[in-house]
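The structure is given below, and queries will be raised subsequently.
Letters A, B, C, D, E and F name the chains as they come in the text, with residue numbers starting at 1 for each one.
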Amino acid sequence: MIEIALLIGFFCFAIALILNLYRLAKGPSIADRVLALDTMVINGIAILILYGMYEGTAVYFEASLLFAMVGFLSTVAYCKFILRGDIIE
Amino acid sequence: MTDLTLNHWIVAPIILPALLAPIIVLAMRHDLFLQRVFSIAGTLALLAIAIGLTVQAAGGPPQSYELGNWDAPFGIVMVLDRLSALMVLLTGVLALVVVSYATASGWDRRGRHFHALFQFQLMGVCGAFLTGDLFNLFVFFEVLLIASYGLMLHGGGAKRTRAGVQYVAVNLVGSTLFLIAVGALYGVTGTLNMADMAVRAAQVPAADQAIFQTAGVLLLIVFAIKAATVPVQFWLPGAYANAPGPVAALFAIMTKVGAYAILRVYTLVFGAAAGDAAWLAADWLLPAALITLAVGMVGVLGAKGLVRLVCFAVIGSMGTLMIAIALFTPQATTAALYYLLHSTFAAAALFLLVDQVVARRRAAGDRIETAPRFLHLGLFAALFFAGAIGMAGMPPLSGFVGKLLVLDAAAAVPQMGLIWAVVLITSLICIVGFARAGSTIFWKADSLAPPSDQDQRAAAPSQPAPSLAVGAVSAMVVGMAALTLFAGPITGYLDATAAQLYEPAGYIRAVLGPDALAGR
Amino acid sequence: MEALVASGVGAMTAAGVYLILRARSFPVIVGLAMLSYAVNVFLFATGRLALDLPPVISKSAEAYTDPLPQALVLTAIVISFGMTAVIVVLALRAYLESGDDAVDIGATDSESADPPPDDPGDPPGEKEGAGR
Amino acid sequence: MDLALIVMLPFLGALLPGLMIRAGRDACALATGSVTLLALILLLAHAPAVFAGEVIQARWEWLPALGLNVTFFLDGLGFLFAGLILGIGLLIICYARYYLSRKDPMGRFYVFLLLFQGAMVGVVLSDNVLLLLIFWELTSLSSFLLIGYWKHLPEGRQGARMALAVTGLGGLAMIAGMLLLGQIVGSYDISEIIKHGPEIQDSPLYAPALILILLGCFTKSAQFPFHFWLPHAMAAPTPVSAYLHSATMVKAGIFLLARLWPALAGTDLWFYLVATTGLFTMVMAAWIALFKDDLKGLLAFSTVSHLALVTFLFGLGTPMGAIAGIFHIINHASFKAALFMTAGIVDHETGTRDIKKLGGLMGLMPITGTIASLAALSMAGVPLLNGFLTKEMMLHEALATDWAGIPGVVGLAAAVGALFSVSYSFRYIAHVFFGKRPEKFDHPPHDPPAGMYLPPALLIVPVVLIGLFPAAVAGPMVAVASGAVVGGPLPDYYLAIWHGFNLTLVASLVALAGGAFLLYRHAQAKAFREKFPRPEAKRIFESVVESCATLANRVTDALHDGSLRRIMAVTVSTAVIGGALAFMGAEHGAGAREGVPAAPIAVLTWAVLIGACIALVAFHRNRLLTLVIVGVVGVIVSLGFVYLSAPDLALTQISVEVVTVILLLLALNFLPKETPRESSSPRRARDGAIAALAGLGVGGLIFAILNRDFAIPTISDFHLANSKPGGGGTNVVNVILVDFRGFDTFGEIIVLGIAALAIYALLDGALKGPAVKRLQSWVPDQERARDRHPMMLVVATRVMLPLSLLVGVYIFLRGHNDPGGGFIAGLVVAIAFLMQYMASGYGWAERRVKIDYHLMIGWGVLAAGFTGVGAWIAGRPFLTSDFTYVTLPVVGTFEIATALAFDVGVFLTVVGSVMVALANLSRLARTTEAPVSDAPMDVDPTRRGRPAEEEG
Amino acid sequence: MDFLIEAIIAFLIIAAGFFGIVGSFGLAKLPDLMTRLHGPTKATTLGIGGVLIASMLYFIGERGEFSWHELLITLFLFLTAPITANFIAKSFLHRRMSAEERERLPAPGGEHGWATFDAPPVDPEDEAPALAAVRRRKP
Amino acid sequence: MRLFHRLFPHPFLTLTLVVVWLMLVNTVSAGHLVLGLILGAVIPLLTAPFWPARPKIRRFPTIVAYVSIVLYDIVKANVHVAWLVLFVPAGKLRSRFVTVPLSLTTPEAITVLAGTITMTPGTVSADVSADGRALLVHCLDAPDDQAVVDEIKQRYEARLKEIFE
């Protein structure tokens, strides 16, 4: 049962990724793209966790945590750049 | 493996500057005097160690040093043989001259962290010469490159920084290629240790040969970039011409790192025992080297600036060196090594000298045109003359002997006529180029105000020549003279060095143990 | 999977090469970053591909992927980070010094890279009379 | 030994003049003269042995591997030349003392002269062709200095450059020729080479060797078509001309012809090359000399002509020719040196060398006039003077020689040459010392001091004595020198004035009469000559060199135009083409490895990657967007690493990526936000093609690798097997990094450290000079939001900082056994600090960070380094690791590994480097505008309505 | 494994997948940046939360050990998502709003405008020493 | 007790860190407890300068209640947003900005409120006023401005006021 659920999950998040990609490509504004990228990272984390379950290993935890951290930081950095130009001031 | 014979001195040329540099950063960041003292002392120590290592290397077979006490090929090894010892020694000599010059001329005051970067640079160069591991070679390449970026940009300026962008960008492409090549080599041989790779080169199956040899050629291009060999020489004039004088002089060893790497890898891994891939580099290198020589010397003739002239002379000298390397015979390699020593001194001498001259010509800079005469013009003219005849390969300095050795070695190969023609014709071009430049800069300047010793002294009685700076230049000239004078014993050492290169079994046994070649 | 990785490496390389052939420092730097991505994957892949065989020793694992290229890539990543940082700062400084971020320099070098020694700023060495 | 001393004395002595000039000009000249005299005495001491037919040798090994040895030998030929060089040298030194004015730096002159003298002596005494080459080139160099001695004269500089270029060309050709000769014989010793004449002449290499060597000789001796440099070398001070162009340098070429005569002479090729060149040059140069109005110009071309005479004689390839040649060398040296010196005296006294402005000087300076006249008459070949004897011999040999089967041509040409020679010689006398005296001289000329006229006078002594008593005075010398040249028994010959009334004498008399007549009709002859174009050598040479230089400049600058695009395009293309050729040139088999199946999600991710790459190229002009896309690529690469069993890589890649993006954003703030469209369509197409090929190449290469197994077991099997037992960790990647290949990591952190130092130095420098001006006047190119430090982020980071640090520690500690380690931990901590910097700003955060990041880097490298050095104490190699398990109460058992200490070094360096780089970069922005508020957040509700208290 | 737990896990995964799609669909479909922002901030967060809880349960069920890691990630995402949204929204206000649209924004009510458009109140006495401190630190 | 205060000046943060540490290492052992305590003590000391004025947090039951409400609202919000996204045509959405005046005064409290607003039904906190007295909230579909404001103030702000002030 979980197997099937996992496959459905994979499928869903894959579709989500494609939708993010659509927004990333379409824009129109850079903020849209940043939002799309941020969402992509989160969906990526979801896929990673699903993959960990699929393989039965917890080895991808750090990667997920770091992805979350880094996704946040880079989104903030992009936005700060849009807002102020100078991201550390 | 054998702790009893462990020779820690082998890593000393790497560890010493690697520890000295952070100490300089930590403890004496704000005290230039201390930095100078420690930097010069450290360089002296390096030279002493290098001399010791050279003596050791001359006295026996190659020795290896297994870092982390892991058996080769699983860990990283440093290998001391005649060639690596020689290169470290050359580094030490050059470094001492350059650091003295930088201190004497005040170059080290024009920006931050000169001495720390300098020591790191030495670490990288020595590491590249000593390592027996291909990936570790990459790492040391990067160390020496990044230190050289810092040094090259020392002092700043719009043109220099832009040239720096180019220099860094080109080298990054080079590093990328290096990694591709190393990766591919690992992908087929399953090892990174060069001695082990040499053993495995013979076992690479036919199906993998294309990958193996492609990797070999890519690696050759990487080293050729460092060695400023056509067609990947374009970066050098911009980079060296815009580097501070002492740094450009130190860079004289950097092109040699490329030459060294070619000699090492293409005699060891792609040498006689490499089966289908044997002597891979030879066919590619010789034409490139001949064109390099021509491009360099034509550049000398066409240069409108003194610095650029020296840059092209360096390219030309790399061409000559590469010709000798490309022949891949022991005799030619002896010639190559001799020429390598010589051209390092010659390039350093000219860069240091030109630095002094440019500083004195003020607004005229390095342009090859008439400018007001300056104090001690005669002294600098004499030094320039010496550097020029060294670079042009005229007697009595070592360039002539080097050229004779190269020509003599080339006599044994079918391409003799071509090689001789190119070498000799480019020599003439070089002579004419240097004569033009020198007579314009030093003689015409003289003619603006007719010479009078009394006038000179009266004009500025209080300004002595920066004798240490001039001494540094002179030291390089003396070095060339010494190379000539002691050409016999030196070529004796080099002969044995070349013999070691063409008989890699000794190297392989030193690294992998006495039974390494039992299967052969 | 092999084809995907190989073509991915190829695509990143191609994009990187195209960008390093531009005339401004910024795209060149981005191109170099792309090249370093490409080469990192290349180097990693020389250990061949494996799914779910991380090289962490455990009793349950029956096999491991090749750890050595991974270690090499780690080193390479760090180094290329250092290099990228330097070139970014360098490009920035070049821009600030010259007011233009073109990467080409003229062929003529008749103007010295250094200001004449009597310019304001640090004096050259000879006044110090070292070696006296 | 003393042979070497003869050579070395001038070189060692060259140190003296520079010093002695401090004691005055006389002391300087005296010191220089003593050196030469001493050498001459040493040489003469060997005279008995030499005249007894002995060959004196001296030999030291120098570079035996090459066959380059310091070997000298002294035979008759060497003795003759060395004697001329030193003897005339001595006279020149004396003469120059009085010739040079007070304004001329005399010390330098004598230094150059001695260097030249040593080089010349070296040339004539060398018994090794390579050694000879060295001295040969030294003569070129030192003569370059001598000719250019008067640097303020442009003619001097040009003349010197021309001489250097021409003789340099010859020298290089000769290197090749000599090496070929050495190849044939198997030795570079001259005494060996000249024993192998037949062998050499049979070798297929003979012709090229001969031509190359002759190129050397003819350039040095100014033979056609290389005669043009010599007259321009006359810009030198007269002592130099007298020395170089009478006795020494130009004779070096002749010397070599004589020296190698046994090895090379006697073939048809030799005859046609050497004799023809000599004959032609003789006539041509004499004709030119006739019309030179410059005294030294006249003498210069007469020298060319007389050297040609000797060349012709050697070219005959007969012993008699050789004898005559040797004899003429002696004669020519004596009268020509005297002539140059008298020309110098005339110049010195009257202030001009222009024959048209001179005349009737005999009455004013009788001594000079007499000396000059005697020397000129000898040059003309008037009987009872030495010139007559060799002219007779030359005519005799010429009349007896056929050229290509045509008799008489040679004789006729020789006679014509002799006729011209007579004419210009008479002109030197008639138009300078006789005839109409000019209206006025600046100061009335008179004979110079004795020191100046004695040297030429001394030279006239042999001119007359040999002319009168040839056999007695010159006989032994000619015999022994010719014997050395011929290398065998000499034919019977008589050195005598009277050989009977024969064709030769007729020719000689005709030449004398004709010459006198020609001088009489000089004006008409000149008018006749004016009809022909006379290319001016100097201008042609200069324009050839200049156009070569210009061409070289154009080509070089066009190639090395400083374009990074070109460098990149060429580099990448080289790699692509080289790689492709290598690949296609070797055998390639398809791999047999079973592939990993591609899951749909992997295909999707791949598609995203490809799309991102395309988008990157398509949108690269929008720089911010570029960075976003790079972010996408980074995420995908990291995900790929995770998916393909490389968690460590994924962690590193993703954290490095974010730091890189931040770095680029910081820089982009100042840079233009758009990349202008600059490349033309063809260029973009070209770039696209290069890029596509590069991608194809790299992708193809890795594809080929991926599809095969390791043919040879990889060394990483060892790493997997020994990670836990030997390295004490289960994360093999980490154990490789900190242990198996810890040295790589050591280098790697040093790279990071250096990067930080370099960045610091760069940015520190940017805060001075034009950069800071530009920064201060910098205006943001986009509208900026008003709050710099949004409150929500500030609050969030306050919570996240301690948590992130905790995560950093966690990742650090587990690294040895699980994915993680010092590097990643360092990045995590750096990222945590970065968040703080971004949230509350540089100023605020900087004041709260008590750590000096520079020190962190230093300590990091030292920690790693000393961990490595620590192993030395245990007698192990650098970086040998150790680990142990420690059990403590309460805490339990845990592992302590030296590798951890090493990893601490890594950690510190990483944090320090990242922070130095980013902090300094953001510091740059602080110079642009009014300082930013030091408050942690802009919108601070706590400050409402009450004065905020100072925080922190 | 317990069927119930399995069922819960399966449900959570599927629900998470559903919300994941919805969030991204919203991102793709909705007409302007501000509305698009609603999709990812909520739906995706719940999606990832569901996955994480499922994973937690899965490892409890599978290995019998409680894995807290997922909780940490969830917490982290919940902490950061509003900040991200806030920044995107601010970017929108700053970059994508015309002058008229800004006029039409509801007023904050006090004497100061929204932080993106209006500089924060400056108390000269408050700022002066701090500025001086920053100036001092300049090299 | 004094010693405790000196060692752990921020006991709440220390406690959090210890718990997070144990979550990270995923084991509860004496060794890790010791290590966690050490880290929990050291890290707050290191980071103290970055969080100068730390709010006092009170009323733990209120916190629990607040968290529960928020979690419930998040789930609800998701269903609601899903409905809006999937089934309501874009043109029919009554999206708008509203101003939420604030009575909270600490940045921490305002931030938590803004975060909560973002995570809960149909609203995103877009900005704060320059003086910190109001939040700008964007509603995806809000027929009535005042209702949104009221709900936020009653449901969340009041509780946060209790917790933080």
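A few notes on this one:
Everything that follows uses one rule, which is that a residue touches a chain if its C-beta (ideal position, glycine included) is under 8 Å from a C-beta of that chain, and two chains touch if they have at least 3 such contacts.
Since the model is a prediction, treat every value here as computed from it, not as a measurement.
Any chain that touches chain A and also touches chain F is listed here: D, E.
The greatest centre-to-centre gap from chain A, using C-alpha centroids, is found for D. Comparing the CA-atom centres of all chains against that of chain B, the greatest distance is found for F.
One simple way to say how far apart two chains are is to compare their mean CA positions; for chain B and chain C this gives 23 Å. For the pair chain A and chain E, the distance between C-alpha centroids works out to 12 Å. Computed from the mean C-alpha positions, the centre of chain A lies at a distance of 49 Å from the centre of chain B. Shown for chain F are the residues that touch two or more other chains, namely 20, 24, 114-115, 125, 128-131, 133. Counting partner chains per residue, chain B has residues 135, 139, 142, 146, 149-150, 153, 155-158, 161, 165-166, 169, 173, 180, 183-184, 186-187, 192, 237-238, 304 touching two or more of them.
Residues of chain A in contact with at least two other chains: 17, 30, 34, 59, 65, 69, 76, 80, 82-83. Pairs of chains meeting the touch criterion: A-C, A-D, A-E, B-C, B-D, C-D, D-E, D-F, E-F. Chain E makes touch with chain D in their complex at residues 76, 79-80, 82-83, 86-87, 90, 93-94, 115-123, 125-127, 129-131, 133-135, 137-139. The touching residues of chain A, counted against chain C in their complex, run 55, 57, 59. On the side of chain A, the complex with chain E involves touching residues 1-2, 4-6, 8-9, 11-13, 15-17, 19-20, 22-23, 29-32, 34-36, 38-39, 42-43, 45-46, 49-50, 52-53, 56, 58, 61, 64-65, 68-69, 72, 75-76, 79-80, 82-83.
Here chain D touches chain E in the complex through residues 764, 767, 783, 785-787, 790-793, 796, 799-800, 803, 843, 846-847, 923, 926-927, 930-935, 938-940, 943, 947-948, 950, going by the rule given at the top. Across the complex, chain A is touched by residues 6-7, 9-11, 13-14, 16-18, 20-21, 23-25, 27-28, 33, 36-37, 39-40, 44-45, 47-48, 51-52, 54-55, 58-59, 62, 67, 69-70, 72-73, 76-77, 80, 83-84, 87-88, 90-92, 94-96, 116 of chain E.
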